[in-house]
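Labels A, B, C and D are assigned to the chains in the order they are written; within every chain, residues are numbered from 1.
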Amino acid sequence: MTNQFAADRTLDARGLCCPMPSVKTALALEQMEPGQIIEVLTDDPVSKRDLPVWAQSTGNELLGMEEDGKTIKIYLKKA
Amino acid sequence: MTNQFAADRTLDARGLCCPMPSVKTALALEQMEPGQIIEVLTDDPVSKRDLPVWAQSTGNELLGMEEDGKTIKIYLKKA
Amino acid sequence: MDSALQKKGSVTIVLFSGEMDKALAAFVIATAAASMGMAVNIFFTFWGLNAIKKEGGLIKGRNWMQKMLNAMNYGHAKKLALSKLNMLGAGPAMLKAMMAQKRVPSLHEFIKTASAMGVKFYPFEMSMSLMGLKKEDFLDECQDVIGAVTYLSIAKETGINLFI
Amino acid sequence: MDSALQKKGSVTIVLFSGEMDKALAAFVIATAAASMGMAVNIFFTFWGLNAIKKEGGLIKGRNWMQKMLNAMNYGHAKKLALSKLNMLGAGPAMLKAMMAQKRVPSLHEFIKTASAMGVKFYPFEMSMSLMGLKKEDFLDECQDVIGAVTYLSIAKETGINLFI
């Protein structure tokens, strides 16, 4: 898979239900540096809506989202 | 019956319980023009207290209230 | 409603319970608030999802546990139990008769009224997927299926937050 | 979590109910809020105390009434009933199986996660002393035992207050 946004880290949150994709993303970003990029993989359709809201309310930047079959890839840049 | 405040519209909300008199009044005012007057008929004693509070919190003006047997007539001017 | 009345605060309700009396209490508050021009959002989760299920065809679910849960948890706006005095179903019928006598709207009418007044209904994702329910199983009045983060982003801007 | 993410509002929950489904709803909200950088406090009272009791050795209490209450009210995070469809204990087992299938965390995992994210747990004093429970009976994740005044001093600074 091409890694469109040159992610520094990939978080595989597939199989997890709300609110776990947001929780795992928050915990993963904790260990990263500002400006670094995380790629979150999820197959929870609600994450398409929830993770952008999460990013907005935590101030982290949503770079993009793409779908690859059932997998949704969400790219966030740590604030 | 004299229509003391020359109402543009009468809403018969008799027989309806809280919160329906306020709900029906809100819906009726939706269809009216600013400055127009509605006469609300209700036999729900709580409306004597609730509708003035409703008017205050929506900014519509309470012109007056009168009792006619079991019927309470409430006059409101749309803001 | 949104445009004509000034917005005066907001109410956000999580309806967790599946009983008719609790759903009614939620909708009385919701419609009164909407009549005052308040922004009202109701999030339905767990048993509360029953209040916005379509009638009929409810034995959904892709596995036997979900099928069993939905069969036993059969319910929609016209067929919910009471939280007290349910009396094997006689209680709801009595309450409905009393409501009709007093001209209290039925839950079904409340849902229609609330929706017409701009109250937003959101099914919660997690409990839907636990129960094997999909967006199509819910009334057309419902908005998108949402998750807890979206709920919180709305609730934190809200004056009155209730969990029913 | 506190330092790294900006604080964006707060959630205070009183968990009164001892059923697994309600405790789950509380923890879904709590962990989602914590993930958003919100300050989250959960106060456990009455039956809600069961969610944070340690496993085993629960027939505490210094008099026979307390002993009986704790024996009948036996429960901890891995063994709570449901508010509906409990089916003499089969309901919770089914819900747990469905949760595992859907990879919804168990209540036990939710408690660990919430604690790791800085969610604070406070047992309420009054109901503890009614039930003859002591701080040692609760999970190590718990903060100090508190009273209603402390709860209120936190709740009044809180955006989202829920009673579950």
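Keep this in mind: a contact is a pair of C-beta atoms (placed from the backbone, for glycine too) under 8 Å apart; a residue touches a chain by one contact, two chains touch by 3 or more.
Worth saying up front: this structure is predicted, and the values here are computed from it rather than measured.
Peer 1: Quick one: subunit B and subunit D, Cα centre-to-centre, how many Å?
Peer 2: A distance of 47 Å separates the two centres.
Peer 1: Take the average of all CA coordinates in subunit A, do the same for subunit C, and state the distance between these two points in whole angstrom.
Peer 2: 31
Peer 1: Any idea how many Å lie between the Cα centroids of subunit C and subunit D?
Peer 2: The separation of the two C-alpha centroids amounts to 25 Å.
Peer 1: Counting only Cα atoms for the centres, state how far subunit B is from subunit C in Å.
Peer 2: One centre to the other, that is 29 Å.
Peer 1: Could you list which residues of subunit D touch at least two other chains?
Peer 2: Residues 8, 28, 31-32, 35-36, 102, 104.
Peer 1: Is the chain-to-chain touch network here best called a line, a ring, a star, complete, or other?
Peer 2: Topology of touching chains reads as other, fitting no named class.
Peer 1: Strictly by the criterion at the top, what is the full list of touching chain pairs?
Peer 2: Touch list across chains, by label: A-C, A-D, B-C, C-D.
Peer 1: Mind pulling up the subunit C residues that touch subunit A in the complex?
Peer 2: 124-126, 129, 144-150, 152-153
Peer 1: For subunit C, which residues are in contact with subunit B within the complex?
Peer 2: Answer in residue numbers: 1, 4-6, 8, 28, 31-32, 34-37, 102-105, 113, 116-117.
Peer 1: In their complex, what parts of subunit A are in touch with subunit C?
Peer 2: 17-19, 22, 44-47, 49-51, 53-54, 56-57
Peer 1: Under the stated contact criterion, what part of subunit B meets subunit C in this complex?
Peer 2: The touching residues are 15-20, 22-23, 25-27, 29-30, 54, 57-59.
Peer 1: Mind pulling up the subunit D residues that touch subunit C in the complex?
Peer 2: Within the complex, subunit D touches subunit C at residues 8-9, 11, 21-22, 25, 28-29, 31-33, 35-36, 38, 83-85, 94-95, 97-99, 101-102, 104, 159-164.
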